[in-house]
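Presented below are the structures under discussion, each in the form of structure tokens.
Here come two complexes built around subunit A, the first alongside subunit B, the second alongside subunit C.
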Partner chain A sequence: MEKILRVDMGAEGGPKTTLVPPGEYAGLGGRALTSAIVSKEVPPLCHALGEENKLVIAPGLLSGTIAANSGRLSVGCKSPLTGGIKESNAGGMASQTLAKLGYAAIVLEGKPKTDNLYTIFVNKGGVKIESDNTLKGLGNYALIEKLKAKYGDKVSYMSIGPAGEMKLAAASIACTDMECRPTRHAGRGGTGAVMGSKGVKAIILDDTGVSMRPPKDAEKFKEANKRWVDGLKKHPVTGEGLAAYGTNVLTNILNEAGGYPTHNFMWGRFEGHTKISGETEAALEKERGGNPTHGCHRGCVMRCSGIYNDKYGNYLTKQPEYETVWAHGGNCGIDDLDTIAMLDRLDDDYGVDTIEMGATIGVAMEAGLAKFGDGEAAINFVKQVGKGTNLGRILGSGAAVTGKVFGVERVPVVKNQAMPAYDPRAVQGIGVTYATSPMGADHTAGYAVGSNILGIGGKTDALSPEGQVDLSRNLQIATAAVDSTGMCLFIAFAVLDQPETFQALIDMINAFYGLNLNGDDVAALGKSVLKNEREFNIKAGFTSAHDRLPGFFSRDALPPHNIKFKVTDAELDQVFNW
Partner chain B sequence: MKIEFVLYASLTQFVSGSVAGKPITLEIPDKATVNHVLHMMAIPSDMALILLINGRSGTKEHELSEGDRLAIFPPIAGG
Partner chain C sequence: MIDKIRVTQILSPVFQKGVFMKVVVGSSIRELLQDQFGITRDFVDSQIATVFLNGKAVDNIDRAIVRNNCEIALSGAMPGFVGATMRRGGYYSSMRAAISYVEENPISGSGEGLIRIKLYNTLIDSLGKLFARQGFFIQEIDLSSLNGTRIEPFLTTTRYEQFPDLVLVKVDADS
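The block that comes next holds the complex of A and B.
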């Protein structure tokens, strides 16, 4: 990954490309690279949709290699949703393809002078940018079908739907999967709106005639990758659990633990949980000729994703993830998998974050715009986002905006980003991560659920504030490092429990780059990423007051445990004190 | 005494006729532990199970009380 492609979308006479060596960013990948570029080059006080913001797309350090599960992509920018720095992580094929083509990053800069819509095509021969206004308004599915007629289905696509074109703060960037469907999204934080503000509808990455990236020490790399794969296969979660039921296996356990946010974070248990659980979903997928065991990119051995067919056996959407099933399911009182799958399909098509969208509908239901449990109303809400009606644009701006417009107090956001599928009162460790992550409420930023509920990476009492700050700090550091490697975060389940698997990962990086890193260096990398991100946010106007959960979490007790969030403000302020 | 017993995910294979998430009532001796129940239901106790007693994390040595709900999961994760 010896070059960075910079595209000035605002250049006189149309977009202008420059190829530059990584320079001061050499040796960085994924989130480390996106956050380094954004924190160095984007003025923190700029408007997220303005010419000074940049959209940085970076494969991880090990993407484009034979390393298992190395195909995760980082997308960074100043977030139009949070106003802070953003790294949104996506699966799909784009990361492997971009890395194989030799790019450490693509950086979209400037602001177009016209309202033309562009495609950017990258292959081994170079870069071609074309204006194509016939793509305007297309949903991701129709867009990819249209582009496939020109570029085929052996390439990777990154694209935005109408929500991105409308620059809505919940807009995502879709990445195509192994079947060339736009199902894997850089969902969080409105990255799609930033791509829309740059006038780019799609990026097409074609790695025809390009080989895998060669390691410095091929033998050692191969050997370390073998230990790596063995380690992932040996752990019961990464080896079997994720493949059998997908991430939605969590519905039942979070419900049982009383931490499943129901009816917009009113209760911790949902009556209809078994109807929408991972067990039910996997069985239904099999029955309809879908597939509950599927990888989102080539080289994934954990295979948590799947294919969801409708009742006639036709493809409807990818297997909705736990977060999606929760956001549109229990959070909105909806207990019908087909309705949830349709919402997932619509979200992917219009290009919006499923978590933000579900949380927003929960807030809208709380406001009385529809009754909890009304699946048809939920579908209609998302359709309005796609159409860009006035109500749709409000909803597409996320839960915080919707709460303000309709006068709702119980709005589950931090830094304006909606909380995912764990109530921080019953899973106190994840509350610390929600409150303090530079990303806003984000479960992946420090997945304390593992230790609090699942007994992975040690055991902590989910209902007690004790030890949660240390837990979240360590996880946030480790996650920032993992997000820089291109590895899927789910490798952490094996890495946290099996020191030899963690060593295999470090050995792979060392063999690939000819380095001599150890565990401390990995932690140092994680800390430096967080430091960049925190500094950006501070300059953007964030203070410790932004590292807090909404007040109702420490005021209103959550049934069934009747518990409040008990980590104190003073403790929260210690998270980044290492 | 009676407890409510519920299995999830792949564990239903060990108890014929059981359905994930559907609780059954078990009659167990007073002061029985979770281990006792695992043995009684022929669930391999060497598996790294996730045990929730009334929604709170518990251990195999936990002594159960009348009316408790014992939920058992195999090692799982997601996110």
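The block that comes next holds the complex of A and C.
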């Protein structure tokens, strides 16, 4: 990945491309690269939809190689949803393709002076940018079908739907999967709105005639990858549970724990949980000729995704994952998988974040716009977003805006980003991460290998509130590092339990780049990423007051266990004291 | 004969919702699983990674006591960070301390009792077969959900005056 493609969408005479070496960004990938570029080059106080913001698309350090599960893509910018720095992570084929083409990143800069829509085509021969206003208003599915007629189905597409064109704060960027469907999204934080503000409807990545990236030490890399794959396959979560049921296997567990946010975070249990559980979803997919065991990109050995067919056996959407099923399911009181799958399909088509949309509909239901459990109303809400009606534009701007417009107090957001599927009163440790992550409420921000393996932060007393703060800090550091490799975060479970598998990951990076990194270096990388992100946010006006959960989590007890969030503000303020 | 996998697939919603078992209460969860249900220690330690007692995550199954009318949920190892916190005795269990089960009275009288057991994910197949063979109680409404399924011809049902709202169900799937 020896070059960065910069595209000035606001150049005189139309978009202008420049190829530059990575320079000071050399050796960075994924989130480390997106956050480094955004923090250095984007004025923190700029408007997220203005010409000064940049959209940075970066494959991970090991993307484009034979390393298993290395196909995650990072998309960074100043977020129109949070107003802070954003890294949004997606599966699909784009990361592998972009890395094979030799790009460390694509950076979209400036702002077009007209309202033309553009496509950017990249292959081994170079870059071609075309204006094509016939694509305006197309949903992602119709868009990809249209583009396939021109570019075929052997390429990777990144695209925005109508929500991105309307520059709505919940807009996502779709990445096509192995079947060339627009099902994998950089969903969080409104990255699609930023792509829309740059006037880019689609990026087409064609790696025809390009080989996998060669490692510096091929033998060592191959051997480390074998240990890596063996480690992933032998672990009960990454090797069995995820493949059989997908991430939605968590529905029953969170419900049992009383930590499953129901009816807009009013309760911790949902009566209809067994109707929408991963176990039920997988059985239904099998029954209809779908597939509950499917990877989101080539090279995935965990295969936590799947294919969801409608009742007639026709493809409807990819297997909705846990957070999506929760957001549109229990959070809205909906216990029908077909309704949830339709909502997922519509979200993907219009290009909006499923978590943000589900949380927003929950807030709208609390406001009285529809009754909890009304699936038809929920579908109509998302369709309004796609059409761009006044109500749709409010909903497409996310839960915080919707709560303000309709006078709802219980709005589950941090830094204006909707909270995912785990109530922080039940799992207080994740509440610490929701509150303090530079990304806003994000379940993946503190996700990866922990201090027990990396040795970050020394010994912690895990039973004290301070211990939870320490654990959250260490997890956020480790996650930032893993996000930079291009590895799927679900590797964390094999790595968490099997130190030899973590060593295999480090060995792969070392063999590929000819380095001699150890666990301390990985921790240092994670810290530097978080430092960049925190500094950007501080310059953008964020203070410790933004590192807080909404007050109702400390005030209102969550049934059935009747617990409140008890981590104090003073403790939260210690998360980034390292 | 209906195949074994199909049995647990059909019974999956019932096991997720929970079935009732007549057991000797007053013992630990481990004793219940191993001594009363006949599950091997190795299986308990390697496959039953996540355990809830009355909705609270259990870390120590040797100490948590099974009481009359209690609810136990059993699951394999879970994905996701929060899934990892739910594991019994896991490194991150402290992050869900607010919902961890604390046994306040480890000494409890023994006797016959009725408990509810829920099976999730990988354990539906493995333990579901065992429970189907040994028999379990379900409510009439859940029995009616099995009517018309391929499993119906292999069900035997018994009603007890002692439990008027429940039906004892056994599945003749292995013979």
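Operating definition for what follows: the second predicted complex is superposed on the first by the 558 of 578 C-alpha atoms of A that agree within 3 Å, B and C clash if a C-alpha of one lies under 4 Å from a C-alpha of the other, contacts with A are read in each partner's own complex, and residues count from 1 in each chain.
We adopt the following convention: contacts are C-beta pairs under 8 Å (C-beta built on N, C-alpha and C of every residue); 3 or more make two chains touch, one makes a residue touch a chain.
Quick caveat: nothing in here was measured; it's all calculated off a predicted structure.
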Practice item. Could you look at A:Met365 and tell me whether it touches subunit B, subunit C, both or neither (first, second, both, neither)? Key: neither
Review point. Which partner does A:Pro560 contact after superposing on A: first (subunit B), second (subunit C), both, neither?
Key: both
**Study point:** First, second, both or neither for A:Pro236, with subunit B first and subunit C second
**Key:** both
Review point. Where does A:Glu256 make contact in the superposed view: on subunit B (first), on subunit C (second), on both, or on neither?
Key: both
Practice item. Please indicate which partner A:Phe490 is in contact with in the superposed arrangement: first for subunit B, second for subunit C, both, or neither. Key: both
Point to revise | Touching partner for A:Ser277 - first (subunit B), second (subunit C), both, neither | key: both
Practice item. Determine, under the contact definition given at the top, whether A:His443 touches first (subunit B), second (subunit C), both, or neither. Key: both
**Study point:** subunit A residues contacted in one complex by subunit B, in the other by subunit C
**Key:** 236-237, 241-242, 244-245, 247, 249-250, 252-253, 256-258, 274, 277-280, 304, 322, 443, 447, 450, 462-463, 490, 493, 560-561
Check your understanding: What residues on subunit B touch subunit A, complex-wise?
Key -> 6, 8-10, 20-22, 48, 50, 52, 55-57, 71, 73-79
Review point. Hey, which residues of subunit A end up touching subunit B in the complex?
Key: 236-237, 241-242, 244-250, 252-253, 256-258, 273-274, 277-280, 304, 321-323, 443-444, 447, 449-450, 453-456, 459, 461-463, 489-490, 493, 560-561
Revision key, fill the gap. The subunit C residues in contact with subunit A across the complex are 9, 12-13, 16-17, 47, 49-50, 52, 55-57, 73, 75-86, 91-92, 94-99, 118, 120-122, 124
Revision key, fill the gap. Subunit A contacts subunit C in the complex at 236-238, 240-242, 244-245, 247, 249-250, 252-254, 256-259, 274, 277-280, 283, 304, 322, 422, 425-430, 443, 446-447, 450, 452, 462-463, 467-468, 471-472, 475, 490, 492-493, 496, 560-561, 563, 566
